[in-house]
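Before anything else, here's the structure in question.
Letters A, B, C and D mark the chains as written, and numbering starts fresh at 1 in each.
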Amino acid sequence: MSDHIVSWKVYVGVFLALVALTVTTVVAASYDFGPLNVIVALGIAITKATLVVLFFMHARYAGGLTRLVVLSGVAFFFILVFLTMSDYVTRSWSLTGAS
Amino acid sequence: MPEASAPPAQGPLAHHFANLKQQKHAAVLGMWVFIAQEVLFFGGLFATYAVYAMKYKEAFEAGSGHLNWKIGFFNTLVLIASSLTMAMGVHSAALGRSRRIVGWLLATVFLGTVFLGVKYFEYGEKIAPCFGMGAGPGCLVPGQLFDASVLHVAADVAPETQIFYSLYFAMTGLHALHMIVGIPIILWIAHAAWKGRYSPAWHTPVEIVGLYWHFVDIIWIFLFPLLYLMGRH
Amino acid sequence: MNQGTEAKPMTPEVNTLPKEHYLNAGYDWKSWLLTTDHKRIAILYLISISVMFILGGLYAVLIRWNLLVPDGSHMSAETYNRVFTAHGVIMVFFFLIPSIPATLGNFLIPLMIGARDLAFPRINLLSWYVYVIGAAFTLFSLFSGGLDTGWTFYTPYSTVFAQSNVAFAAIGIFIAGFSSILTGLNFIVTVHTMRAPGMTWFRMPLFVWAHYATAIIQILGTPVVAITILLVALERLFHFGFFDPARGGDPILFQHLFWFYSHPAVYIMILPSMGVVSELITCFSRKRIFGYSFIAMSSMAIAVIGFLVWAHHMFVSGMSVYSAMIFSALTYLVAIPSAIKVFNWTATMFRGSISWETPMMYVFGFIGLFLIGGLTGLFLGNLGTDVHLTDTYFIVAHFHYIMVGGAIMGYLGGIHFWWPKIFGRKYSEWWGRISAVLIFVGFNMTFLPQFLLGYLGMPRRYHAYPEEFQVLNVLSSAGALILGIGYLFPSLYLAHSMVKGEPAGNNPWGARGLEWETTSPPPAHNFDQTPVVEDEAYAYDKAPKEAVVA
Amino acid sequence: MNQAFPLLPEQASAQAGEVDALFFFIVAVTIFFTIGISLVILFFAVKYRRRSDEDRPKEIHGSLLLEMVWTIIPLGIVILMFAWGSKIYFQMNRPPDDAMNVSVVGKRWMWKLQHPTGQREINELHVPVGRAVKLTITSEDVIHSFFVPAFRLKKDAVPGRYNVGWFRATKVGSYHLFCAEYCGTEHSKMIGKIVVMEPEDYQTWLAGGPPPESPVVQGEQLFTELNCITCHRPDSAGRGPVLNGIFGRGIRLASGDTVVADEAYVRESILNPATKVVAGYQPVMPTYQGLVSEEQLIALIAYIKSLQIPSGETVPVPEEAE
C-alpha cells in the first residue's frame, strides 16, 4: 500500500538484527530458565516477527487498516489459544479432586 | 470518475477498477487479509502444539532435543536471507529497476531451494529407517513404524514423543508446502519483470508475493525455537 | 439517491426487459464457465447449491421416513447413520454456508455499493470451482462406502473406528473451506475499496454490513476447521496421533478446534439472513430502519463474540468446570446483539406502511422462527439445563429453527425479493404467499414436537427409539411432508417465471438502494454511470412518488 | 414411564426438580418474548397495513433510550439465568462424600457397570433409593455419553480419562439409560435401564447371585499377579513409593510440582509411570499400557484406595505436600 521507499540500508540493518536475534535465541536455549524457557524463546521470536512485519512487509508505513487486519488475525489466534487453554489449565482444579 | 462506462482494459488496469491506485489498494489489502487467514490456519497447529507441549513436557523436550538444532539454525539464516533478498526485490521494483528485480527474485528462489534441499535431507534421515534403507532403529515417522528408541526416553514417554513428531511433520510440512507453492509464483513474477511489465507506478504483484514470502519466513521464525530448541538446555 | 437515474422513462403499464443484460451477454458454455461477472457466478452458485439442497432434502426425507417406526425397521442402522451424516454434511458445508453469501451476496454486494464487480473477479470464479471440487470429493465419499461419522467428525470415532470413507469426505470439506475463505476475502476487500463515491460506511445497506461481518468469520474461522479436518485425514491415512487417546492424543482437543469454527459457522448462516430481513422489512414498511447503527454494530458484535462461545457444545464432555462457566457467560452475551436486532426490526414496522407481499411473508416467518430458535438457545448456553438437553432432539430442533427457520426463511425471502432483479421477471404472487404459509406451518409441525422429544430424553442420531416417543416422531414426519411440499412449490413457479414471467421493470417493489436503479436484469457492467450516493440507506421518505409503481 | 404419550419426563432424582425449575423459568421467558413480539408484529402488520400506494409514513430514526432499555433488560435476564444454571452445574459436578461409587465403562455398544461391592452388570444398574451414587465414567473405545433423562444426568465417557457424575434417586422405578454421544452402528441400541429399589430390596438383590469379589479383592489379586507388590511394599524397602494411605493426599513430584493422588493420577501412574515420578524415586517402573484393561485399572485403583496406614505405625509416606 505504501509507495514509501525505504533505503536499502534499513533492510540490511533489519537483516543483521534478525541474525543477531537468531544467535541469541540459540544461546539462550542452552541455559535453563525453568518455566521461562518458552517465554524467552517466544519473546525473541515475536521480536523477530515484528521486525519482519514492520520493515520487510512495510506495515510501519502502511495505513491503519493494514494494522487492523494483522492485529485481528493475531487477536483471534490468541482467542483460540487462551480459551482452549482455559480448559486445560483449570481441568485439574477439580471440584471432586480428593475425597 | 463517474463518466467511464466500463473502459476497455488498458495496461495493468482491470476493467472494474476506476484507477491503478484503487486496484493496488485492493490487491495489497487482499494479500493482508489472506495472511490473516493463514495466521489462523497455522494457528490451529500452534494451538495443538501449545496444549500438548504443556501436557507432555518431557516427551517434547526429548523429541526436540533429538532434532539437529544446527540444521534448524542454518535454515533459519537461509530463510532470513531470502527475506532480505525479497525485500530488496520489492525495493528495486519501487525504483523501477526491472533487471535488478529479476536478480533479487532469483536469489530468493535460490535460497528457498537451499532451504527445501536441507529439509529434504533432514526428513530423509527420519524417514529412511522406516523403509529399511537406513537400516536399524530410528524411524521417526508417526504411525505403526514409529520407533522412539533413539530418543532414550522412558518407555511410557515414548508414545508421547510420537505426538511431537506428528506436530513436527505437520508444521514443517505445511510450511514447506507454502514455500513450494511460493517458488513458482516468484519465478513467474520474475519472468514478468524480465519482460518489463512493472514500473514504479505498478509493481503490485512483486509487492504481494513479497508479503507472502515474508509471512512464510515469520512462520519459520516461530517454528525454529518451538521445534528445535525446547530440549537443548 | 441519484434522482436523475430514477426518473428514467418507465412505461407504467407494460414493462419490457432491457435489450442487453448480463444474462444475454453470451450463450456458449465458455461465457458461463469462464465468466468473471459476479452476477453469472452467483447464478452458477445458485444452481449448484440448489442441487445440493435437493440432495440434502432427499436425505432428510429418508431420515423422517425411518423415524416413523420405533424399531427402525425401514432401513439398517448402517444405512441410517450414513443418511443422517450425508444430510448434515451436505446441508451444512455445501448448502447453508455458501447459501446467501455466494448467491445473493455475490450478486448484490457490487450492485448495492455501486461497483462494477467484486475486487477479485477471477478469485470469485476460482471459489466456485474450488466449491465444485470439494463437493465432488465429498459426494464421491458419500456414494462410495458412505460416511457414518455425523457431520461433526468426533474423534476417535472418525479417526480410528469408523468403517466408512472418512478421509475423502474430510479432504472434500477441507477444499470447500477455501471456497468460503475466498468469498469472504473478496467481500472484505470489495467493501473496503470499491464503494461508489458518497457511499460511506454508514450509508451502506445493512445487507452489506451483515456480509462484511460474515466475511470476518469466514476468513478467521474457516482456516482452523480446515487444518483440524486435515489432521483428521492425516490421522486416518498415516496414523498420526493427534486425537487418538491410544497414542497420547486428546479427543477433547479436537472438539475445541472443531467448534472454534463450527459454532461461528452458525453465524455465517444466520447473519446474511438477518441482512436480508433488514432490507425487506424497510422496503415493505416503506420506512427507514429503526436504529441503523445498532443493527450494523450488532452484526459486528455477533461476529466477534460468536468466536468466544464455542465450548458450550462441550459442557458434558468433562471439560473444566471453571472453563465451562466462562464459556456459558460469554454465550449469554451473544444473545444480546440478536435481541437488539429483533427489537429494532419490530420498531421499524411501527407506523409504517406495511404490505403483505411474498418476501414480507418470509420476513414474518423469519422473525417468528428466529425468536424461537434464538430463545431456545438460552437453554443450551445454560450450564444447568444444557446437561439434560444436549445431544437430544432438543438440540436438533433448536439448530433447525436457526438454520432452517432462520437462515433458509431469509434465503427464500431474499430470493423472492430480488428475483425480479436477477431474472427481470415476476412470479405468481398468489403461489408465493401460499408456499410461504405452507413452509411456515410445515416447519413448525416438524420441529416443535422435537423440542418436546428432546426434553423427554430422546437422544439424537438414534436409528431406533423407545415406543413412547413414536407419537411425536410421527407428528414430526407428517410436518416434514408439508414442509417438503412447501419447498416444492417455489421451485415450480420460479422456474415458470424464469421463462414465462411478466417482465418486472427496474423497481417492482418501489425499493430504495442502488441495485434498484439499474435495469432488471442488470447490464453486464452493472451501471451505465458510476452512481453517486447522496442519501442514507433506506431513504424512503425521499423517494420520488412517481418512481414507486408496483 | 410406559405411558403411551408422555408430555413431561419423570423426575426421579434430587437434581431433576432443580433443573426443571430453571427449565420452566426459561420456558416462561421464551414464551413471553415469542408470543409478545409476534403479537406486536402482527398488530403492526394489520394496523399499519398499506392502504394506498401513496402512503408515505413519517420517518422515525431510532431512539437511544429504547436501545438502552432493550439491551439492559435482556442482559439482566440472562445474567440471572447464567448464575442459576452455574449453581446447578456446580452441584452436578460435586458428588457428596458419602456417595457409593459405581464404575461405568462404555464400550461399543454396551454399558459395563460395577458396584462397590463387586457385582458387575451390563446395561443395567440397580441402586437403592435415597442414596447418592457417584459414577466414575470412562470408555474403552470411542466417546459415549451416559444419559439418564429421569435424573437429568448426562456425562460423556471419554477414552483415556475419568469423568465423574452423580445422582441421588428419589423414586423407586425403572428408568432409561441412553448413550447420547453418537458411537457408531448400534448407537441406538446402547441403551439400558437404571432400576431404583428400596434399600432392603437392594440388599436382597445384592445377596442374590454368586458372591462377588469386591473390586478391592480383585485389585489385590491383580496387584500380586502383576508383581506390583515387589516394588510397592508396605514398608519403605521397595524401589517404588509406599502406597498405603497415599490416596487423596498431596504428593510432591521429582519435578517439584505437587499433585493430588486421585483416580486420574493413579491411573496415569500405572499407564505412564515416568510422567509424574514421586520425588526421591527413580523412574524405573515399566508402563502397563495395554497390559491392564479399563476394568482392571478400576480394580487396582479401588485396592490402592483401600490401603490404609497400619495403625500405630508411621510409615514414611513420600514427602507430603499439603
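Quick note on the criterion: a contact is a pair of C-beta atoms (placed from the backbone, for glycine too) under 8 Å apart; a residue touches a chain by one contact, two chains touch by 3 or more.
Keep in mind it's a predicted model, so treat the numbers as computed, not measured.
Visitor: Could you name the chain whose Cα mean is nearest to the mean of all protein Cα atoms here?
Guide: Here the chain at the core of the arrangement is C.
Visitor: Any chance you could check whether B-C or A-C wins on number of contacting C-beta pairs?
Guide: B-C
Visitor: Just curious, how far off is chain C from chain A if you go by their C-alpha centres, in Å?
Guide: Distance between chain centres: 36 Å.
Visitor: Taking each chain's centre as the mean of its CA atoms, how far is chain B from chain D in angstrom?
Guide: Computed from C-alpha means, the inter-chain centre distance equals 45 Å.
Visitor: Between chain A and chain D, tell me the centre distance in angstrom, where each centre is the average of that chain's C-alpha atoms.
Guide: Chain A and chain D have C-alpha centres separated by 39 Å.
Visitor: Give the residues of chain C touching no fewer than two other chains, as numbers and ranges.
Guide: 192, 220, 224, 250, 252-253, 256-257, 321
Visitor: Taking each residue of chain B in turn, which ones touch at least two of the other chains?
Guide: 25, 29, 33, 36-37, 40, 43-44, 47, 51, 55-56, 159-160
Visitor: Listing for chain A: what residues touch at least two other chains?
Guide: Residue numbers touching two or more other chains: 65, 72-73, 76, 80, 84, 88-89, 94-95.
Visitor: What part of chain A is in contact with chain B in the complex they form?
Guide: Where chain A meets chain B, its residues are 1, 3, 5-6, 8, 11-12, 14-15, 18-19, 22, 25-26, 29-33, 37-38, 41-42, 44-45, 48-49, 52-53, 55-57, 65-66, 69-70, 72-74, 76-77, 80-81, 84-85, 88-89.
Visitor: In the complex of these two chains, what residues of chain A are touching chain C?
Guide: 65, 72-73, 76, 79-80, 83-84, 86-91, 93-95
Visitor: Which residues of chain D touch chain B in their complex?
Guide: These residues of chain D touch chain B: 271-275, 283, 286-287, 289.
Visitor: Applying the document's contact rule, which stretches of chain C touch chain B when the two form their complex?
Guide: 115-121, 123, 181, 185-186, 188-190, 192-194, 197, 219-224, 226-228, 231, 234, 238-242, 247-250, 253, 256-257, 524-525, 527-532
Visitor: Using the touch rule from the top, collect the residues of chain C that touch chain A in their complex.
Guide: 192, 216, 220, 224, 252-253, 256-257, 260, 307-308, 310-311, 319-323, 326-327
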